[in-house]
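Note sheet for the following structure.
Letters A, B and C name the chains as they come in the text, with residue numbers starting at 1 for each one.
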Amino acid sequence: MKKYMAYPYGVWMLIFIIAPILLVVYYAFTDKSGALTLGNFTSMLSYTSIFGRSFLLAFAATVVCLLLGYPLAYIMSKQPPRWQNFYMMLIMLPMWMNFLLRTYAWMSILENNGFINQFLQNIGVIRLLNTLLRPEAPIEYLPLINTGGAVVLGMVYNFLPFMVLPIYNVLIKIDKKLIEAAQDLGAPSGAVFRKVIFPLSMPGVIAGITMVFVPAVSTFVISKTLGGGKEMLIGDLIDLQFMGNAYNPQLGSAIALVMMALVFLCMLIMNRFDDGSGEEGGLLL
Amino acid sequence: MKRFFQQFYLLLLFLFLYAPIFTLMLFSFNADKSRVIWHGFTLDWYAELFRDSTIIHSLYVTLIVAFASALLSTLLGTVAALGIHCMRRRTKGVYLTVNSIPMSTSDTIMGVTFMLLFAMLMLEKGYLTLILAHTTFSVPYVVLNVMPKLRQLDKNAYEAALDLGATPSQALQKVILPEIMPGIVTGAIMAFTLSVDDFVVSYFTAGTTSQPLSVVIYSMTRRRISPKINALSTLLFLAVLILLVIINFRQSRDESHKNAQKPKYQPLKGVEN
Amino acid sequence: MKKILALALSALLMTSLTACGGSSDEVVNVYNWGEYIDTDLLQQFEKETGIRVVYNTFETNEGLYSRLQSESYDVVIPSDYMIARMIDEGMLQKLNLDNIPNYSLIDSKYTHLEYDPEQAYSVPYTWGAVGIIYNTKKVDEADTGSWDLLWNPKYAGQTAMFDNSRDALGLTLKLLGYSQNTTDKDELRAAADKIIAGKDNFQGFWMDQILEKLPNEEILIAPYYNGDAVTMMEDNPDLSFYIPKEGTNVFVDAMCIPANAKNIENAEKFINFMCTTEAAAANAEYIGYSSPQREVYEQLDEEIKNDPIHYPGEDTIANGEVFRNLPEEINEYYSALWTEILR
């Protein structure tokens, strides 16, 4: 065991991690002819709405994931151990399926003639809405697909396990004695949760938020599949410049760079809420 | 009462997680192309799926890339972890920081950076670029699975082996490797799964003759959708289910005679982009 | 450890052997639009020549252009204006027509057009026109006839728009009474604003997904190519197609060999094969697009020959425009406008 054993990976990291980032920086600050420019960044100003939308939708998805995922992790951690394993497997299982297929599955559910709208028609909700609201033209379905809501739903569906797993992992490790001590001292169960359990589970929450937010903010498939491609997210914008209809890798690099910086900033702010003990939890889980 | 609500909540969320998948699977047996109206039972889509040479080929690509990148990243990562373990705090910190970059960068950005790199290196997109890219995003997980095992290692055991006349390589093989093996295996499994599951990085780095399954699925969903996709989903789901049951079974058998502290399930970065 | 390594290695070798079993022999790497070939023909070509076809699809001309920057193909099938742009930028190589004898079967009406005046780089694959496909059950006949049906608030949320800048802006320019080849930035600006104003009316921006959404009645109205209209009307007889009165885009898609192609001979063989009467007829029948191959046209029933959806008439062509390649500055402006439309 000698430290030089790490050198091959050191070289690898230089070539495949450091160099590509420098390359993105280089591209971001040059134009097509290779001359230095800030033009890529100034032309990006007109895309602030895309950045705003991406962060908003990703934020919404993260909040929903947290609201749905925390109780799930909490309830799971209270189950008998045998069942916990079973539930964990149930949560893992969909994650192992290709996420394009999982997203595609929602299309049939949300479409205008999809399962939800069929169901609403069959039980008479659509008719009821028509008689109650009396719209100018009678509606035949609720517009669910190709909306921002559908995109958030797609994100929540795909990334919910990322929220549940880290929180669950922290919750099961909380020392039961602490909780008992609080109870012995006469704290009502609500207070035990607020003052003991929740603060102790913070590292898991932070890890979960990061693991949901980062992929959500840069997704480019969910918005295309469930959002109708009408309103781009940052991921779409980058895809558009590299592989899509507006070839411009310089601009694409600038966007990627700014996004990296913004996400890094978000994570830095997030980690402020953390006392540092969660760092390993976030990475290792 | 409280317990009832808890169970109900679990049920509701699992319904949310599984209803889409089950409808997808159900309609793989639909006798019509429709994705929402049931027309009767058929197995035609499965037959068509197996006749589709593009899909079959992409499955090979996925497996080759997953095996190769898992192997490469396990080797690279394990050796690196051994080295990093011996480093002084500062260098160690630098290594671990750089090592964590691929894990905290979004896949879209990683894909784009690889694309630029391979273009500069004049590497044509293909198996090689896929394997290089997948290895890069997998190694950090191997390193981070092996490192804790090294920390738990009894330092004196290695020294003792040397004192007793073992060569360093013998000591490594007989003393250290067996101890850190669980970490290596977990890392390898994670690397394999990450690779199989990846779409975004592959999307930016796959060549024309080496498109993995996920990229082919993507282009399938961009056209007229054939229920072949549903058939494919069903088969993949069953494969994963069987795999998970086996792993779970083995794990619970192992754990029964070894009270491990580590969390049982490693969340795999199952979703990209 | 050794066991695992050996196991992994042997598994790797096994899979790579089976996978690469066929790759040592001849291949031709074809890149075509989605839903744009009778895939049986690929197998037939493989059987006849022993050349394996690696077949991939793109969605838009612009997407093809981006992909060609970092990927290599042997045969690509772009549209007229993109061929001109690629010729300009040296991305295509000159064809050796001696190796493509069936080129002589292409009707001279479709050769030596503006995009490739010497006919040195391309062999026409199909031609056609853009129009509007709508659902006759739900759309009032009186509302049809113009491009503005897409913007009609009566059908809010039930129309769609092209997911590529040239087609989308092109039809909007026509609606506004401008040329589709305009280089006037104000006119382009006006067209972009018109599309932005219609965003609430469009359910989405799509390409080949339209082939599913229209027949499934997820949307009622969409602009698309006449050949695909034929396919969609077969799937759902309630659909109908018209060429808007403001005029439309008439296009030729042609087979080309990119400059960085690796299997040029195989590419020539493939192009030649697709021009045989047999293959071209089967293909035209399958994809529904109009064939530029003389014998294919002659073989057709009178009914199809005179069907303006299968073979747009002289009036459509006379009233239509062929996309021209635009100056680089305008191409960049298109990209910028397109990103702005989707922002």
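We take it that a residue touches a chain if its C-beta (ideal position, glycine included) is under 8 Å from a C-beta of that chain, and two chains touch if they have at least 3 such contacts.
Because the structure is a prediction, the values reported are computed rather than measured.
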TODO: Spell out the chains that contact chain B while also contacting chain C.
DONE: A
TODO: Sort the chain pairs by how many C-beta pairs are in contact and tell me the top one.
DONE: A-B
Task: Relative to chain A, chain with the most remote C-alpha centre - done: C
Task: Centre-to-centre distance between chain C and chain A (centres being mean Cα positions), rounded to whole Å - done: 35
TODO: Could you tell me the distance, in whole angstrom, between the mean C-alpha positions of chain A and chain B?
DONE: 18
Open item on the list: Can you list every residue of chain C that touches 2 or more other chains, as numbers and ranges?
Closed with: 216
TODO: Could you list which residues of chain A touch at least two other chains?
DONE: 111, 113, 242-243, 249
Task: Junction residues of chain B, two or more chains touched - done: 35, 115, 225
TODO: Quick one: which bits of chain C touch chain A in the complex? Just the residue numbers, please.
DONE: 60, 62-63, 65-67, 69, 154, 157, 163-165, 199, 202-206, 216-218, 332, 334-336, 338-340, 342-343
Task: List of chain A residues in touch with chain C within their complex - done: 43, 46-47, 49-50, 111-113, 137, 143, 145-146, 227-232, 236-237, 240, 242-249
Task: Contact footprint of chain B on chain C as seen in their complex - done: 1, 4-5, 8-9, 11-12, 15-16, 18-19, 23, 27, 29, 31, 34-35, 54-57, 59, 70-73, 207-209, 211-212, 216
TODO: Over in the complex, which chain A residues touch chain B? Could you list them?
DONE: 1-10, 12-13, 15-21, 23-24, 27, 68, 71-72, 75-76, 78, 85, 87-102, 104-109, 111, 113-115, 118, 157-162, 165-166, 169, 172-173, 210-211, 214-215, 217-222, 225, 234-235, 238-239, 242-243, 249, 252-253, 256, 259-260, 263, 267, 283-285
Open item on the list: Which stretch or stretches of chain B touch chain A in the complex?
Closed with: 6, 9-10, 13-14, 16-21, 23-24, 27, 35-36, 76-77, 79-87, 91, 95, 98-109, 112-117, 120, 132-133, 136, 139, 143-145, 148, 158, 168, 172, 176, 193, 197, 199-200, 203-204, 213-214, 217-218, 221, 225, 229, 232-233, 236-237, 240-241, 243-244, 248, 252, 263-268, 270-273
